[in-house]
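One chain, chain A, links the two complexes that follow: it is found with chain B in the first and with chain C in the second.
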Partner chain A sequence: MSDNNIIEQHKAPALDVRDLQVEFDAQGGVVKAVRGVSFSVNPGETLGIVGESGCGKSVTMMSVMGLIPMPPGRIVGGSAKLNGRELLGLPLRELNNIRGAEIGMVFQDPMSALNPTMRIGEQIAETLMIHRGIGKTEALKRAVELLERTKIPEAAKRARQYPFEFSGGMLQRAVIAMSLACNPSVLIADEPTTALDVTIQNQVLELMREIQREEGMAIVLITHDLGVVARMADHVTVMYAGQVVESGTVDDIFYRSAHPYTLGLKEAMPSAEMHVEQKLTAIAGSPPDLFAPPAGCGYCNRCNHALNICDKLGPELIAVGEGHHSRCWLQHAQAKREVAELYQGSKRAC
Partner chain B sequence: MIEFILKRLLSGVITIWFIATATFVGMHMVPGDPLANAKAMKPEIRRNIEARYGLDKPVWHQYGIFMGNMLKGDFGISFTQKNRHVNDIIREHFPVSALLGVMALVIATAGGIVWGALTAVYRDRWPDGVIMFLVVIAVSVPSFVFAMLGQLGILAFNDLVGASLLPVAGWGTFSHMLVPALVLGLGTMAYLTRLMRSSMLEVTSADYIRTARAKGVSPLRIFFKHQLRNAILPVITVLGPSIAAITTGGFVVELVFAIPGLGRYFVQAVQQLDYTVIMGTTVFYGAFLVVMVLVVDILYGFIDPRIRVAKSAA
Partner chain C sequence: MQIKNLQKRFHIGRSQTLHAVDGVSLDIAENSIVGLVGESGSGKSTLGKTLVGLHDKSGGDVYYRGDRLPDRYKSADYRRYSKNIQMIFQDPYASLNPRMTIEEILTEPLRLQHQGDSKSNRELAASWLQKVNLHAAHLGRYPHEFSGGQRQRIGIARALITEPDFVVCDEPISALDVSVQAQVINLLGELQDTMGLTLLFIAHDLSMVRYISDEMVVMYLGSVVEQGPSDDVFFTPKHPYSQALTKANPLADPKQEKQRSHDLIKGEVPSPVNLPPGCRFVGRCPKASERCHSERPLLQPVGRDHLVACHLYD
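Take a look at the complex of A and B:
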């Protein structure tokens, strides 16, 4: 392999998902949970995927990992490449060589994510034994080192304990230790701090950042907490009703929001300057029924800026800036032109 | 742990005392008396016999004597069988019942776990349907029907092989035990199958199974290392009551297969109002069950670490 090649590889995204479509058979029809989602994340970078519950962010990552139950789930189309290697449709045996080794995963509720009848150390060691082919004693020793690395005090003693003897924050550290056991190139964290209180949340996020700096892995952070995204992410993908509605750098999303939904999310965030009497702003209405996705934009019923076309035809992702995309007709050249004309017209009428 | 066992033993002693008292009261409330079955006898003979067995004394006095003897471990002599001590009856016939019960329990537990796990793996496919259909039959049909079907089955089997491989009734060798134990364990096996099935299904969708899959653990290893152990927990909890079900069910099966177990004596004793034998066997069975439930509880602690710690903390 030439040096050039290595540099090329280094530049290539660690995880590249293109046009992923996932459906679920449910009573009374087919739920189109993910409708053509694309994103990619580079080594050493963090991608935040935000959106409200049910928007398909978890299903997207579960599909990439091959963790959705099939049936009733079904991956209809698209691709997911890990360091250039297609993951979708891999036979289970090969997928199992990747899961836990090249992709680590951290889950939302650490209290239930670990086997209650197995010692913490053994559960971490299991990953090593499967992927590294080392013996149990050696694996257990490494497990203790990993626990130390995730800053669990008295790691040797802790490794012999069971999950119910750990606190929530400690458990999440243990889960992180487990997901990092084989130095994966991608870490998928599905709402890793949602079940934790804020101080612990802070510690866990800090830990993830620190390990990322040392290992240079890519992180995909799924969350509905914009605060977490602002802190952790380099790039952000906003999802709504099974689609990406806006994507860009963290600054693009927060300072140059180009989709009404992103604006709505930002407004819904409580701020420190708020008065006690002040009510929290919410986005009125609810997401569309994914049994029968609307022909137009999924957000138009809740959107304050909807145009006539929004109801009839869904927009494509429109480039707003360098690497910044929005799925909104307002960003379309013609809409911008007409708005400008309207603006001028109203000025003339004055 | 020792404190836990001592506590349980104490409550067990109270339970046994309660069983003994309740049986004593209940027995004496049954109309008739142990001598009613005997041929007409002269009043003085009757008085003699009553004096010999202590039946002429007031009931509360009898209760006192009975309790005192029981504390010494002496259940007295049978009313209907000449010169037989109840202790001897238990000593001679309980091992037979126990052996049959243990075999039945092993068959029921092993079967329940295997069938239950299978139905969960093949959920909503034909093996699941077939097994669950059989389970409903096994739960709802009483054991004496299965006992007789079992005997018919033995006959058919012997005809088929052309030799008397399996004896239809009696006791002595392993081949005598096989079918009765299967019949005895059938109901419990069916019950445990259902329990195991629902428990497995619950575990299958548990978060830690998803974690294991995300770690790249193979399906086989997930099944044995992660699912089975967690799914077995509820099954173990009901093993204690299951032992009760199997031992009481044993009475019928012992009668049909002419097995010289304790159950047969128990049934006979009730029919003949043989006070001492009823009391002796009831108290003995009660004590046996109390110990068994305790054993199951301790066993549970070995499988579920959460219980173990809670117990040592108690």
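Take a look at the complex of A and C:
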């Protein structure tokens, strides 16, 4: 690859999703799970997607990879480009060439991501045989190298073992080894460390970091753990009720949070000085029912700062800084004054 | 609650023994919240379940208000002790019977205690629903009609309806979203205060345990490696394992996260089957010496009410 090409690649996002809309037919109506989600991630960077269960963060990534069962699922609109190539609507055969080769995937539960009746080494080799057309002996050799790369001790012996002989942390390393087999340009990790203990989580995150530094791939990290995001992400997208409510650099999100939901998430966790006598600022209520998404802002019934307009008309994403957007009327030009007053009232205002 | 050298062993065939809880001694003062942390396999849940009689004890003594709890509960023992010693479970989906209404779920502990009649129990259940911020109108509903956070609050109401003094909370928030965790924690803190409860709060979220508890106990492979006032253990951990845990605990602050070193402790928790002599942490410890392999360290004071089991502090 010439130098020009490398520079070119660094300009263009590795994965670019625009206005994605996904619905599901369910008993009793249509669930609008993803309602116009856009984000992009550049090579060598990590995008954290944060949100609580049911906010559509996993569905978004599954749709991008064509893993949504259709029916009942349906991609209503939008686009998802991998290195400039449209993914949505690709025929299955072409998708299969991309998944596992250009996009690597790591899921929350490594046990169910692997075939329990196949040896670990063979599963990794299979990826190489299919996507790279390598012979079995050569592929098995490469599989052992990949296991060594993800720091699995006694890789050659481990490659001949079955998933049940691995611990959770080791399995997740094996899944990472498999997802890296074909040098993907994008790695999608959906809650990769949620099932692991903190010391093991530490090891797996550090491994992902190290490999990213060497390979320069883009990582999309889906998680609900703000600590993991703070550690890993360059950019962050906060999702709520099927929409992006705030996006920006990791510092924008943590130190200059603009959306009341982001603020709420931060305040719901105890700071280092707090004790049980001081109440945590809980977010009351629960997310809206996406069978009938609200006409206005999805967060307004839980929001302390809601204005009259909020339950009638949903706001657009409003720029609050360079590359920093928030979907909240409080940031609208005409509401600015009121915002300052409101945030003064809040304990840990931005 | 006084725990003395508690043991829980599981025999897993071929004359192998799994030491889930291996000689834990702990005094839990009245009206206090004690946080119990450790990784999976450290025996913290087994300890909690043994205290409420869900597991038989293999050795050691547990005293509740001077009264020695039986090693193996019979049904009369459950009736006698479960009024005062209760438990809140981790999984709000598995811990409520899907075929029972909320009224049946909440009044079952009262019925088992032969307490009240159906009308007064119903009223009590309704008032408890309000205490956990649900509506009395929810009594006729079934668990599947509630979200995870709501179910967890029903589980709390069920545990507290007999007005116990001692409650084991086994990872009550780890299955919940961050925004809902705060609701449940606030509720527990409030009820602890108003009812004068003593809580054993088992969790792996160190920040939350430090926040809610007065005292923190760190377990590794069935034994206590460090215990002391929460802030002391969290901010100035002494045992190499506690240090590794607090270091690995992710902080929601990008600048701090990116500055701090991520020196990793290597390896994983070894199997608790047929444990070797010596310190349990020796295989992963960066500071292990000869002695750690042969001699098991005992808990010893390193500060005010601060105990640590490590040869470094001999």
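As a convention for this text, the second predicted complex is superposed on the first by the 318 of 350 C-alpha atoms of A that agree within 3 Å, B and C clash if a C-alpha of one lies under 4 Å from a C-alpha of the other, contacts with A are read in each partner's own complex, and residues count from 1 in each chain.
The rule is short, and it goes like this: a residue touches a chain if its C-beta (ideal position, glycine included) is under 8 Å from a C-beta of that chain, and two chains touch if they have at least 3 such contacts.
Computed from a predicted model, the values in this text were never measured in an experiment.
With both complexes brought onto chain A, simultaneous placement of chain B and chain C is permitted, the two fitting side by side without a clash. Once the two complexes are overlaid on the shared chain, A:65 sits against chain B while remaining clear of chain C. In the superposed pair of complexes, A:113 makes contact with chain B only, with no contact to chain C. Contact with chain B, but none with chain C, is seen for A:130 once the two complexes are overlaid on the shared chain.
Shared-chain residue A:99: touches chain B; no touch with chain C. Of the two partner chains placed by superposition, only chain C is touched by A:228; chain B is not. After superposition on chain A, the vertex angle at the CA centre of chain A, spanning the CA centres of chain B and chain C, is 70 degrees to the nearest 10. Once chain A of one complex is fitted onto chain A of the other, the partner contacts of A:291 are absent, as it touches neither chain B nor chain C. In the overlay built on the shared chain, the residue A:251 is in contact with chain C alone; chain B does not reach it. Comparing chain B with chain C, more residues of chain A are touched by C. Per the superposed model, the minimal spacing between any CA atom of chain B and any CA atom of chain C is 7 Å. On chain A, the surface touched by chain B in one complex and the surface touched by chain C in the other have no residue in common.
Interface residues of chain A facing chain B in the complex, by the touch rule stated above, are 65, 67, 92-93, 95-101, 104-105, 107, 109, 112-118, 126-127, 130-131, 162, 164-165, 175, 178-179.
Residues 52-53, 167, 169-170, 197-203, 206, 224-231, 233, 250-251, 254-255, 264-266, 268-270, 272, 274-276, 279-284, 286 of chain A touch chain C in their complex. Residues 206-208, 210-219, 221, 225-226, 229-230, 233, 303-306, 309 of chain B are the ones that touch chain A when the two sit in their complex.
Touching chain A in their complex are the following residues of chain C: 33, 39-40, 147-150, 177-183, 185-186, 189, 192, 204, 206-208, 210-213, 244-245, 247-258, 262, 264-266, 268-269.
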